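The next part holds the structures, each set out as structure tokens.
Both complexes below contain chain A, partnered by chain B and then by chain C.
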Partner chain A sequence: MTTLRLSFDRIRKQLAIIAKHPYFGFVVFGAILVVLRLLALGGIIPNSLMKSLVITMIYAIVALGFSLLLGYAGLASLGTAGFVGLGTYFIGHFSGTLGYPFLATILISLLGAIVLGAIVGFISLRIEGMYLAIITLGLSEIMREIFKSFTAFTNGVNGLGFRDFTLFELEVSEAAVDFIVIFVFILLIIGTLNIIKSPTGRALLAMKNSDSAAQSMGIGLMKYRLLAFTLATIYAVIGGLLYMMDQQFSIPTTWSLDFSLNILAAVVVGGAQSITGIILGTFTIFGLNMTVLKEIAFFREYPDATWIVSGMLIILITMFYPGGLIRLLLAIKFWLIKIWKKLKRKWSVYRYGEDD
Partner chain B sequence: MIEKLLYVTLAAVGIYYLVDLAVLSRVKKRAVYRAKLLNLLMLLSVLAGFAFAIKEMTLYLFLQIVLLNIVEMCVLVLATTGIVLIFKTSVTTNFAQGTVATVGAFAAAKLIIYLTANTAMPMSTKLILALVFSAVVTFLIGLFIDTVIFRNSRYSNPVGKQMITMGIVLVLFGLMPVLFGLLPLTIEAFSYFPYEIQLPNFPYPLILPAQNLIALLITVGMLVFLFAALRFTKWGLGVRATASNETVAGMMGVNTKLITALSWGIAGAFGGVAAFLFAPVGSSVTVSFMTPVQVNAFLASILGGFSSFGGPLVGAVLINLFSSIASFLNSVWTNVIVYVLVLLLVLVKPLGLFGKKTAKKV
Partner chain C sequence: MAKMIDGLLQGFRLHRLNRLRDQKSFLENYLPILVKAIRDREERRIKLARDRDGAALRGPALAAGVLTPALETERSTALANIEERYRWRAKALAQSKKRALSKSSEDMVVATFAVRTEQLEHQKQVDLESVGRRYAASQGDLAAAREAFRIQAEEVHAATDARLAAAKAKADKIIAAKTAAYETKTDELGRKIEKVRNLLIANKSDETNALIPEDSLLSVRNLSMRFGGLMAVDNLSFDVKKGEIFGLIGPNGAGKTTIFNCITRFYRPTSGEMLYRKNAVEVIRLNDYPVHDIIRQGIVRTFQNVELVWELTILDNLLVAAHTVYRTGFFGQLFHTPKLRREEEVMRAKAFGVLGTLGLLPYAYAIPYGLPYGILKKIELARTLMAHPKLIILDEPAAGLNDKETEELAVLIKKIRDDYHATIFLVEHDMGLVMDVCDTICAISFGKKLAIGTPAEIQSDKLVRSAYLGEES
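Let's look at the complex of A and B:
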């Protein structure tokens, strides 16, 4: 009997240690997503809900990359849409039109992302602050023009379709794509966590707070700016690849300024410096539109009116909670703890009388 | 054409490094002379580029394209002025400039529909009324943005303010279909009459649409009014004081709040007029019909440099000339050529053509 109890205690201690691991929450989150997807396969959850969840996850991947730029390196960029669009056309052209093997496509995409990120990084060494945001906006517009006019690569304004996707000579079904998205999502969350907690992440943060101070501590601006932009571009291109697998269609009008602004909104609303915050923000900006607001009659009549909600959220949160929703949640948590303590004290006074 | 430009650029770069190494390394104030040399070489190469382009497309065609593009130029100049005015007083790049302007154009189009249905005014009166209405509506929106949103945002840093303007863009994008319906509207031109100008030595007369002339007159009038106000009125003095240092201006008794609010309003009105003029050219008023103008206006401000009022205007005119020439060279890749050119120019001079370096406190 006692041995059993001891082993129970040991298991509980082990579990407590595991639960404290920084990955734990995200792995559980991934497991929940997988379970949800399985439930959708069984027909318990509507398929449309699952579809919006998956696309929101893809946006969250892009937002994670963007948060490395904005939240950690302090570089404002509005070129996200162009990079995501590029990812979709990479897989659409190389895997779809030309029929290259999937691994080759991934290699090409990553190489393209690295080269592009390095170019933007070099530009960022010379142009700073608000000027950089506008220049990256110009870059994104250049890429959109290329998507429109370079028809051999992108099929122009008609959009590029991508069907019958094979991975290692196996036909990949829609459900499998969803599992791939969940897997990559969790993997990239863990990757981001590692980057943030590493010396690289701290160097980026130092650079954000003060260029000069960071340089005087031996942090090379060039290396870390290039790194930040390359990472963000890689995340965006991966987001694009997954987007194409999921939606099977890409058209230049999607990759306009609105898309970049929405990603920015997601990062700002959630809280640019916390992974939980970014996931929260993405689900608020994109998920809310696709699941909750769709059901309201007013928004069904005017589908674009959902932007009012996200716009108001951005304005209010920047005005009153610059730390994002995650700060708001923390504030509410502390407030609840305070109330709980007060109630506890009152209860003990009532139960046992005033302390002398 | 393209290879000639390439040779010019290479020659300029070569001259720059040669002079820098051979002559300037022995002079005392090397950095100052270097900057001057860079400016001179850039000016020369841009002029050379224009000369080549004009030779390639003949002076007649160049003038004709410029005359036909006057409306776009006016719209760009007006939009850029609005953005610079707000940057000067609020230290933020206003992403909502184009969207606020779009609301003005929608309101004007709705007013025209209302007047046509209920009164028997001639078209020109309706259009003038609509123009004023557009300006008033956008003026009020600008005032509202500053007094209600910007004045109450406690934690305002430049990036935060940028976010707020992006939020305003999204809100207005959502509101417009609700307020004005889902269908695109149209605003007619003041006149469709083309003037013909016969210059000596030209084979054909140049064509100048009357609408372009009217747009030019409106724009020049507004700009003269604005610059005169900036130069001679108390408000203008206040704007310049606020632009140089808001806190100190406030201490010296300048009502910075009023001045900022008025600047937002005036910038909004400029946008409203710009959208009204752009609507006949851009075929119809839709939610995002001002977005290309907005992007170009930003690039123009960057090209000219935010530090002066005149620089961005020159930038706007330059961008318009670039796109006129580029549209002749290759109609598909026009925008790409213009953007890449601007990008290269800005990479050479990161603070813009007329930008001044500000000392940074560490």
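Let's look at the complex of A and C:
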């Protein structure tokens, strides 16, 4: 009996050590998403809910890349939409129209992302703050015009379809795409976590705080600005690839300023430096109206009214919790702990009297 | 042509020397961490084995009525738990008595509660007795049970001891093997370093080395810096000797920080050059290096207004300062390879060492936001020590500190010079500090040199006195 208790103790201690690992929460999150997808397969939860969760995850991947840029390197960009759009056309054109193998498409997309990110990074060496945002916005709009006119690549304003996606000569079903999205999402979260907990992440933060201090500590501005933009572009292009796999259709009007602003809003609302915060923020901006608000009769009648809710949320959060939703969450946690302690104290006084 | 090849070879040797030195210092720093990890694991294993033994022997010991140390602690905790529980119950009873007194008549309450207190006491005695019975000798053939317990205990302990001894021998063997391997590696590296160094010195070209005197570390030659119409630094020359504390003083706006910014390449000087003895064989022109490469040459600076990373803990701030010492590339960081983890451990140990030297250990995991100014200044100082500094440039280290903190700082600066074998070059307004710590002082006014010399010489210099006090000379 005691031996059993001892071994239980051991297992509990081991579990406690595992639970403290920084990946743990996110791996559990991924497992929950997989279970949800399986439930949707079994018809227990509606398929539409799963669809909106998957698209939210894809946007969250883009937001993760953007947070490296805004929250860590302190660089503002409004060009996200163009890069995501480019990702969709990369897979739509090379894998869909031309029928290249999938790995070749990924390679081309990554190369394209690195080149584009490096170009924007170079621009960011000269221009900062608001002006950089405007320039990246211009770049994104130029890309959108190219998407519209360069019909051989993008099929123009009619939009590019992408069906019958095969991976290693196997037909990939919709459910399989969802599993791929979940897998890539968790993988990228862990990658981001590794980057922000390593010398590179600290170097980015140092650069954000003070250019001169960072340089005096051997952090070259050029290297790290280029790196930040390249990473953000890679995340955006991966988001684009997954978007195309999931939605099977891409049209230039999707990749407008609205999209970039929504990603910016998601990162700011969630908390630009916390991965949990970014997931929350993306869900608030994109997922909330697709999953929760859609169920309310009023919003079914006036679908555009959901934007009012998002707008109000943004205003309230930026007013009262400038650090983002993650701050609100922490505040609630501390508040609950405080209440719990107070209640315990009250009960103790009632039952046992004041302390001696 | 031969000269060019020589130059290339020298460059290659220097690069190799640096790599070898990095490897050696990593090995030397990592070995204690590794040994400690192995020892910790061993200790955990011993504790676990003892716990398991106690659990296995519990039944026989109880039957024999022998109180083993494990049983003794178990018994005393059980007794203490009962005491604690009944203390709280008594308190609760007193409280409910108080409440009852306010409601009904006194006699009734007193009587009832007398009974209930008695009951509680009785219950407590019963509980205590039951614990006593549990650990007391049971009935029956005690002698035989004791004998059986003794034999079993001996067996179990012998088995555990043998296992632990084997484990300890294995751990010792691992440690010895690792230590030996690391030592042979370090020795080998040391020999290689010596060889490359000798080669370097044998081939050193006198041309660059003759540029500055053998004992000086930094030589500023005819430095001028013009901002539009303002001549901030005007044809200034001075030498900083190896291992000294060099002070630069001057009234406000004399151009002291401008000189610092020229040396650390934040400004491009209008004319003049800065020569720096990077190592035994190489003198470099700092003018040729970009800002972020200056720290790699061994020159570290602090800032007048504290420039920390406000989102990171003090420890992480120090790790940022060690940025150039890391050898893991981006992909190693992306996948958090064991190499990066080992490196991080070494850096952490080093950072804790630095924090210990400066008395900042209590703040290791604090965020700098909201810490007192004196502490922030010290963190800036700590940061300079992370990246093998040879020349530490301090921009007004005592600004904003009170007298006591300034005194501490003076001790600290001397200590850093001695412990880290670094040369210190500082700008300061606090004359007490400058006269106290500096070996050589250079006084400037409006970008021009007034005097250079020991503190006593500077104090008695007429030009300096007139610049500071406005005396007519």
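One rule holds in what follows: the second predicted complex is superposed on the first by the 355 of 356 C-alpha atoms of A that agree within 3 Å, B and C clash if a C-alpha of one lies under 4 Å from a C-alpha of the other, contacts with A are read in each partner's own complex, and residues count from 1 in each chain.
Please note the rule applied: a contact is a pair of C-beta atoms (placed from the backbone, for glycine too) under 8 Å apart; a residue touches a chain by one contact, two chains touch by 3 or more.
Keep in mind that this is a model prediction, so the values were computed, not measured.
> Both complexes share chain A, so when I overlay them there, do chain B and chain C fit or clash?
fit
> For A:123, using the defined touch cut-off, is the partner it touches chain B, chain C, both, or neither? Pick first, second, both or neither.
first
> Applying the touch criterion given at the start, work out whether A:203 contacts chain B, chain C, both or neither, answering first, second, both or neither.
So A:203 only meets chain C here.
> Could you say whether A:314 touches chain B, chain C, both of them, or neither, answering first, second, both or neither?
In the superposition, A:314 contacts chain B only.
> With both structures superposed, pick whichever of chain B and chain C touches the larger number of chain A residues.
So, of the two partners, B touches more residues of chain A.
> Name the contact category of A:137: first (chain B only), second (chain C only), both, or neither.
Once the two structures are laid over each other on A, A:137 reaches chain B alone.
> Answer with first, second, both or neither: which of chain B and chain C does A:212 touch in the superposed model?
A:212: touches chain B and chain C.
> When the two structures are overlaid on chain A, which partner does A:227 contact: first (chain B), second (chain C), both, or neither?
Second partner only.
> Counting only touches as set out at the top, which of chain B and chain C does A:273 meet: first, second, both, neither?
second
> Touching A:191, do we find chain B (first), chain C (second), both, or neither?
Second partner only, chain C.
> Of the partners chain B and chain C, which touch A:88 in the superposed model: first, second, both, neither?
Neither partner.
> Between chain B and chain C, what is the tightest CA to CA spacing in Å in the combined model?
7
> By the touch definition above, which chain A residues appear in both interfaces, chain B in one complex and chain C in the other?
Shared contact residues on chain A: 210, 212-213.
> Residue numbers of chain C touching chain A in their complex, please.
Listed in rising order, the residues of chain C that touch chain A are 48, 51-52, 55-56, 58, 88, 91-92, 94-95, 98, 264, 266, 290-296, 300-301, 303, 307-312, 316, 319-321, 323-324, 326, 328, 330, 333-336, 340, 383, 387.
> Once bound in the complex, which stretches of chain B touch chain A?
92-93, 95, 149, 152-155, 158-160, 162-164, 166-178, 182, 287-288, 291, 295, 298-299, 301-302, 332-333, 335-336, 339-340, 342-343, 346-347, 350, 362
> Using the touch rule from the top, collect the residues of chain A that touch chain B in their complex.
76, 123, 126-131, 133-135, 137-139, 141-142, 145-146, 149, 210, 212-213, 256-258, 261-262, 264-265, 268, 302, 304-315, 318-320, 322
> Spell out the part of chain A that touches chain C in their complex, as residue ranges.
Of all residues in chain A, those touching chain C are 2-3, 6, 10, 191, 194-195, 197-200, 202-203, 205-206, 209-210, 212-221, 227, 273, 350-353.
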